[in-house]
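Below, subunit A partners subunit B and then partners subunit C, in two separate complexes.
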Partner chain A sequence: MRKRTLGFVALGAAASIFLSACGGGDSTGGDGGGEGAGFNAAENSVVNASDQTGGTLRYAIQDDFDSVDPGDTYYGFSWNFSRYYARTLLAYNPEPGENATDLVPDTAAGMPEPNEDFTEWTVEIKEGLKYEDGSEITAQDIKYGIIRGDFNGGSLVHGPSYFAQKLDADPDFNVYESSDPLGEFDAIETPDDHTLVFHLKESFSEFPNILIMPQTAPVPVDADTGALYQQHVMSSGPYKFDGDYEPGVKLHLVRNEEWDAESDPIRTALPDRVEVEIGVNQDEIDERLVNGELDVDLGGTGVGPAMHSRLAGDESERPNIDNLYSGALRYVNIHTPVIEDVACRQAIMYAANRDSMHRAWGGELGGDIATNLIPPQIPGSDPESDLYPSEDNKGDLDSAREKLEECGEEDGFETVIAAREGREKDVDTAEALQNALAEVGIEASIELYPASDFYGQYAGSQDFVRENNIGLSVSGWIPDWPTGYGFAQAITDGRAIVETGNYNMAELDDPEINELWDRSMQTEDPDERADIYAKIDTLVMEQAAILPVIFDRAMFYRSPELTNVYFQPGYAMYDYMALGVDRG
Partner chain B sequence: MLTYILRRLGAGLLLLAIVTMVTFWIFYVLPRWAGVTPEGMAAMYVGKAPTPEALAATVERLGLDQPIAGQFYDFIRTLLLGTEYTFGRQTVECAAPCLGYSFSTNTPVLEQIVSRLPVTMSLAAGAAVIWVVGGVAVGVLSAVKKGSIFDRIAMSLALVGVSLPIYFTGLLSLAFLVHNWNLFPVPRYVPLTEDPIAWVQVMILPWVTLAFLHAAQYARQTRAGMLETLGEDYIRTARAKGLSERRVIFKHALRPTLTPIVTIFGLDLGLVLGGAILTETTFSLNGIGKYAIDAIVSKDLPVILGVTLMGAFFIVLCNLIVDLLYPVVDPRVRIAK
Partner chain C sequence: MAGHGGSDNRSLRQIAWQRLKRDKVAMVSGVVVALLILAAILAPLLTKWFGYPPTEYHQDLVDPSTRLPFKDPENPYDEFGYAITDPWGGISSDHWLGVEPTTGRDLLSRLLHGAQISLLVAFLSTLVCVGLGTVLGIIAGYKGGWVDTLISRAMDIFLAFPLMLFAIALVGVIPDGLLGLTGNGLRIGVIVFIIGFFNWPYIARIVRGQTLSLREREFVEAARSLGAGNRHILVKEILPNLITPILVYSTLLIPTNILFEAALSFLGVGINPPTPSWGKMLSEAIPFYQNGPYFVVFPGLAIFITVLAFNLFGDGLRDAFDPKTSD
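For the complex of A and B:
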C-alpha cells in the first residue's frame, strides 16, 4: 500500500551536476568492507568494486512483492530485482552517474529501430539465449510475455498497461481465451525467431523506455499458468527459483547454469545464492542492516523513521550512508476549475513559504526545495529556474497581494487544501501552506481524506473537487521512466484528465502544452525532446497549476560487506544486478 | 462419556458456524453498508493503475457483485464440497475443506495456514511450557513465603509482566539481547526437524517474551488460589496428621488450585495457537498471526475468514481437551458424575 503514495513506480533519472555538490564523499575503492566509502559515495562511483564471486546475498523486506511474475508487477524494487531471473529486451546502463539511465540492450541484439513517424519499431534479439531448462528463448516467447502481461482479461492485475495503451491491438484480446494467442495477435509480429516488430496506434518516440519493463521478459506459452506462474517463474537470467516463491515468507534463488555470461553485459552474477526474507519489520530490517546481519533492504525506499533519526545524528556512520533522490517531486496541485483566474493561482505561488514546507519534509536530509516541475535528474530539468522567487524562499507577499488585486480578490478568498490522512509530511506541508496563505488573506481550511481513495473518490474526482471547493491538494509523483514525458505527461497533459482517478488533478488543459507533448512523441533526438520538456516545465509554472514543494531524498544504509554498489537513478535504488558480497 | 464428547463437539461446531457468520458479516456486509462499491473492493486486489476492465474482471472473478447470501452460500459450499479455480489455461482443484484462494497472493488459504502452523505451534508450545511451569512455581513459592522479599519482588514483576505490551518487551529484547550484545542469533525461523538446537536458540526470545505476559497472570492466580486453599480446614488436618510440608503443599493445596488454572490455560493456548499476532510481528515470525494481520491490512477476505475459523477451531479444541482433563485434575468432578 505504501507504494501507492505516488502515482507510479519509483523511477528517477541520471544524476546531474546539480547533485554533485552534495556528493562529498571520497569515491570508489576495492577495500572490501571495513570503513565506509563516504557520504553519497554510491551516487557517482562504484563502491567496493570487486569481481569476487560466491557467498549468499541477503535481502529482506517488510511488505511483500505485488507479484514476482515479471508480467504482473508494478513495484520499482520488483522491476529491479526480477532481472535476476527475467531478462528484459532493454535495460538501464549498468554504471553510476550521468549515463546511468541510458538504455542498453539486454536480450535485444541492438537498440530498437523506429520507422519514420515512430509508429513501428523493430527489435532483433540475441541468438542462443536459453531458459533454465536449456530450451532456446525465441522472439515468440518475448511476444507472448508482453501480450500475456497486458491482454489477459483481468487475470494478471498488477502490472502497468503501457503496451495495451500503445499497441495497435484490440483492447479486449485475451490470451487465455484464444486458442492460438501468438497467431491471432498481430500488433506484434515475429517474422523470424529473432525479430520483433511492434505496431503502435500513434507516434511514440520513447517506446524503448517501456521495453525495460519486466513484461518484456520471455515466457514460453506452455509454461504460463496465469496468476500461478509466479510460484515458479521460468528463468532466463543468471539465477532461478530454489523451490517455490512463498508469498509473505521467502524467495530463494540459486545459479542458473544455462545462463551465458557472455551474452549479458548488465549482470555481474557474483553471489552463489540470493535470498529474500519477506515480512520482516522495517525497524528490524534497519537494525540488521547496520549490524551486518543483512545486506540489502529490498524495498529500496531507504531506512525507516527510527533509524533515519539515529543515523542523521551519528557522524561515524556518515561514510556508510547515501542520501539520494527518491525520484519523486512532492507538490501541491492548484485546481484550475476551482481557482479559475490564473492571477489568483499565481498569488498562491508567490505567497507559499517554500522554506517552511521544506522543513515539513525534514529539511536538508529530507530533500531539496523545488522551484520547477521536472526533477533535477531528468534531462530538460532546470532546478535553478524560479518564476516566483523570494528572499530565502520564504514567499513574496507583496507580489502575491499584487496578483490578488489583479484577479479582483484583494481581500483574499476561501479555499480548501486536501491531503491524505496519515501522511504526516503531506499534512505538515498543508499546514505550512495554510499559514503562508493566511498572510495574504487567503483562508484555507485543511481536509484530510483516506489515502487509498484519494485519487479515486476525493481529490482526483472532478465532481468532488468542485462540490467541496478544493482549490489545493497535496500529492507526489514518481515517473515510470526518467524522461520529461515519463514524469510529467500524465499530470499535465489535458488529454489525460479523467472524471475519477484523475492524476492531472489540477485539470490543466493548455493547448500549447498539449501540442508540445504531441510534438515530443514525434521527435527522435533526446536532446531536442529535453528542450521541449523544459518549455513545458516553464509553461506549467506560468499557468500556476502545480506548486512544487520538494525533490525528496531517501536515506540508504550501504553495508560495508556489499561489493559493486552504485545508485541506479532509474529505479532510485542500488542496481541489484551489480551487487556481490565480500565477508572479508 | 461418549455422549458428553459428542455434545461438546456439537456445541463446538455451532460456535464455529456463528464465528464464520459474524466474520463474514463484518468483512463482506459492513463495507457495503458503508457504501463501498464492488469495484471499490476490487481495487484492493489490483495494481496501482488498474484499467476499468481489470477491475470489472476482478469483481466477477471474486464474485464481489453477487448478493451477500449468494456469496455466503458459495463460501459454505466451497468449504464443504470443494471447488475448482481457473488460472490462465489451467484449472486447479481445491478439495474440501476448501477455504478458498487468497485474493491478493493467489495461493490456497488452507495450504498457507498449514505451512505456517509449525511456526505458530513452536511458539505456542515453548511459551506455554514456560508460562505454566514458571507461573505456577512462582505462584506457589510466593504463597508459601507470603510477605517475604521473594513474594514482593515476584508479585511486582508479575504486575510489570501483565502491564507491559509484547511489542515493548519484544523490541527491547531484540534491540539489546540480539543486536547490541549479540547474545542470541537474529530471529530467522528454523524448523525443529531441521536443526533442534538452532530452533531453540531462535525461539527462546519469542517464548520468553510471550510467556512473560502470561506467566504473570498464572503466578498471581496460583498465589491467590494457594493462599485460599492453605487456609482451609483440611490443610490444617493434613498438617496435624504430621504430613511433610512438601506433601501438604503439592498433594493437598496445589491440586485444587490447579483446576481454574487449567481452564484459563485451555483458553490461552487456543488463543496463541490461533496466532500470536503481536509476538509474531515483533519477531518477524511467519506464523498464523502474521498471516492474519497481513490479510487484515490488505483486506484479503478469504484469508481473514480462514484464519478466524482456524483460531476459533483451536479454542474449541483446547476447551474440549480441558473439559476432558477436568476429572483427572479434580476428582470431585468424577464423583459428581
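For the complex of A and C:
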C-alpha cells in the first residue's frame, strides 16, 4: 500500500478528445457556473468541456508536499500535479471512463518494447523536446532522473523504490558519490540520445506501469542540486516555477514558453497561472471550495468529515458532487499464524456483519460493500463474487457456527482486534466486527496502537502479533498502479512476508498463490494477467486471510467554475493536467 | 495526647456543617455530586432495568449515509429516496437522549457508563495526588532545611512540566502488560498515574505551608517537650489539623482531573473502545456538529454539570471551613 494518500492521475487530452467525450453522459456545456453537472458526472464524462485558455487555477492543500522534486515524491496528488512541470516517459490515458488507466506515451515516442522474458525493456523518446531554458531533453537526462531518484545514498528519502527493486543494479550505487554516474550505471543503457534500454533482475511484465512515476522525468546532470533541487525544478512541461517553492507556504507556476503543445497529447495547459496555497486547514479548504473562492483541493482525498456530513445531507448540492472510488480497499487481516485453522477463519468471514462495518464507513456514500479482494476499477476484479454470502450482508451465523464446530471451537474463542489510534473509521470497523463476532461466541477485545508504528512494531510485527494473540487487524491498501499485481502482490505473496513492517499482515503463504504471482510477471497479455489475478482473488478468499470491508469512495466537490473536469481512477482524483477555469 | 488538636477540630467541623447546611448552592451541588456518583456506580443496573447496554447496536434507527438518526424510523425515506434525518433525532421513549450516529447505540447508556470511567479516573488520580502531596508536603514543611529545599525544587520542576504532551507520549508507549494489568485496566492505571504523579505539587504546597505554621504551635511544642518522636508528632499532632484543607482541596482537584481525563480521551489517548468515555464521545461528535449538534451537547453538558457541581461544592466546603467566613 502506499502509506500515504497516494492517488493516481492521468490527464490530458487535446480538445478534440474533450469534445467527443462530452457528447454523452450528464456533462453540461462549456459555460461554467450555474447548475451542477450532475452527481458523479465526472466519472464517465468530461464536465464543462472547453478549450478556453487563461485565468489562474487556484489549488490549496492542508498538508505540504513530501517534496515537489519529481525524483523524490510518493504522494498521489504530487504525482498528478508534478506533471505540470515534469514530463514522464508514460502517462495514463487522458480520458474518463473505462480506458482511463491505459498507458500512453508522454516523453516516450511509443510504448516500451520488452524482450522475450520481460527482463529487458527498450523505450524510444521523442526528439526535439526542450527544458524551460531551451536546451534539449535527452535519454541520458531521463536515465539520470531515474538513478538519482532511486540510487542516491538516502539523500532523497520520499519516493518509491521500484527501480531499485527491479533494475539489475547494485542497490548501494550512489549517484552523488560517483564521478561519472551515467557511465558507471549500466542497468540502464542509452545507445543514443533518444533510446533507453532497461535491464531488470527478473521478469516483470508490468514494467511500463512504473514508467508513469515522476522519477522518469528528465533531470539535467548539471541542474541537480540534490535535496535542494525541489526549490526550483527544471521544467519540461507546460509550466515552470514562478519564484521558488516555499515549503509549507506556496508553489506558483507560470507558462513555460519552450513547451511544445504538439509534442504533448497529455496536457491541455489551459490556465495562464497555477497557484498552490499550502497549509490551509481542511475545513477552511472545503468552505472556500463550496463558496467558489478556490478551485481544487490539491490533496485529492475528498472533502473532510465536517463537509462530508453536511453535503451528504444536502440534496441541492448533489449535482456538484462526485463520489468516486478512492482506489482503496479497507479490510481486516485474519492473521493466519494466530488463527491457524482455516475453518476458524472462515467462521469469522461468515459471522462478520458487513452491513454494520459498511456503516462505519458512511454507507452508500462511503463506498461499496466489498466481498472480494481486488477493487472494481481494476481488471480481474469480480465484485459480484461472494464466497460468504448472507442475507442483507448481515452475516450468516449458522454457517459461522458450523465452521466453528469444524475447527473444534464450537464455543468460540478469544482473540484481539488491532486498529490504528485516531483512525476513527478503522476503530468503528473494529467495534462493529467485535459486536458481530460476539454473536457466535468469539470474544474479541480491541487494542489501539499508534498509526505511525502500526506496521513497524505492532500489527505488522510477527513477534508482537503472536505474543499478543492478535488474530485480527484493521488496515487499508491503495495500489501504486491499478492492476492486480500493483494492488495485491505485496499483501498476499508469501515471499513478501517480513519480520517487521509486514504488509502481508495475515502472513498468507500459499504455494499456489505464490506461483500465480510468478506466472503473471511472465504473461504479456493484460487480459490473461487479469484472469490470473481473478484466480488469486478467489484463493485469498478461500483461505479467509483477508476479510474485505469496503471499496471506499471519496466525496469531491466539483467547482462549477472548473472546465474539463473528469476523474482519473489511476490517481483517484481529477486529472489535474486537463483542468481549466471559466469565471464566466 | 492528640486530644488538644482533635477536640478543636471537631468543634470546627460542627460549625462548618452548620454553615454548609445554610449554603444552598453548596447543598444543591452536593446532592448533584452524590447523584452523579450513585448513577455512575449503578450504571450497569440502571441500563439493564430501564434501557439498553452501552455497546448494543441499533442500526435500524440510523441512516447509513449521513450516519444521523432517522426522524421517524418507521418512515425513514422521502419520495426521492433521501433519508429524512433529524438533528435531535433518535430521541424517543426508548432512547431518552437519542442514539449515537453510525451505530445507533443508546446515548444515555453510554453517558452513564462514561461517567464510571470519568469519575473513577478522577477519584483515583486525586487519591494519588493527595497521597503524594500530603506525605511530601508534610515532610518538607516539618523538616525544613535541605529536605525542604529539595522537595520544593522538585515541585517547581513538576509544575513546569508540559503535562498534556507528556501524557500523550506516555500513553502512546504503554506496554501490553504491566504489574499484572492489561488492556483498559492498564490504560486507566497509566492515566491515573500520570495525572496523580504530576499534580501532587499543588496539594503539597498547601500542606507544606500549613505544616510550617503548625510545627511552631504550642501543642506541638508541648508534645515535643513531653518526649514525643517526630513520627508521633507528624501523624498524631499535625496530620489531623491538615485533614480539612486536604479535604477541601481534593474536592476542587476532582473536577480538574475530570477535565484532564476528558481532554486526554478527546485527543484519542484514553481507554480502548467500545468502552465509552465523555471525552471520546465528544471527539466522535465533532464531524457531526453541524447536522447533529445533539451529539456534542449531551456529553458536553455532562462534563459541564459535573465539573460545575464539584467546583461549587468545593467552594462551599472551603467557605464553611474558613474561620474568616462570618456566620
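Convention: the second predicted complex is superposed on the first by the 558 of 584 C-alpha atoms of A that agree within 3 Å, B and C clash if a C-alpha of one lies under 4 Å from a C-alpha of the other, contacts with A are read in each partner's own complex, and residues count from 1 in each chain.
To be clear about the criterion, a residue touches a chain if its C-beta (ideal position, glycine included) is under 8 Å from a C-beta of that chain, and two chains touch if they have at least 3 such contacts.
On a predicted model such as this, the values are computed, not experimentally measured, just so you know.
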| item | value |
| --- | --- |
| Contacts of A:Ala109 with subunit B and subunit C, given as first, second, both or neither | neither |
| First (subunit B), second (subunit C), both or neither touched by A:Leu365 | second |
| Touching partner for A:Pro450 - first (subunit B), second (subunit C), both, neither | second |
| First, second, both or neither for A:Glu424, with subunit B first and subunit C second | second |
| Touched partner set for A:Ala261, first subunit B, second subunit C, both or neither | neither |
| In the superposition, subunit B vs subunit C on subunit A residues touched | B |
| Overlap of subunit C and subunit B interfaces on subunit A (superposed complexes) | none |
| Residue ranges of subunit B in contact with subunit A within the complex | 40, 43-51, 53-58, 60-61, 86-90, 92, 102, 105-107, 112, 115-116, 171, 174-175, 178-179, 186, 188, 281-282, 284, 286, 290-291, 294, 297-298 |
| In the complex with subunit C, residue positions of subunit A that touch it | 305-306, 308-310, 312-313, 315, 355-356, 358-360, 362-366, 421-422, 424, 427-428, 430-432, 434-435, 445-448, 450, 467-468 |
| For the subunit A and subunit B complex, residues of the former touching the latter | 1, 3-4, 7-9, 64, 66, 74, 148, 152-155, 157-161, 164, 171-172, 175-176, 224-231, 246-249, 277-281, 283-284, 287-288, 291, 293, 452-453, 456 |
| In the complex, subunit C residues that touch subunit A | 55, 57, 59, 62-68, 80, 82, 85, 102-103, 172, 176, 183, 268-269, 272-274, 284, 286-292 |
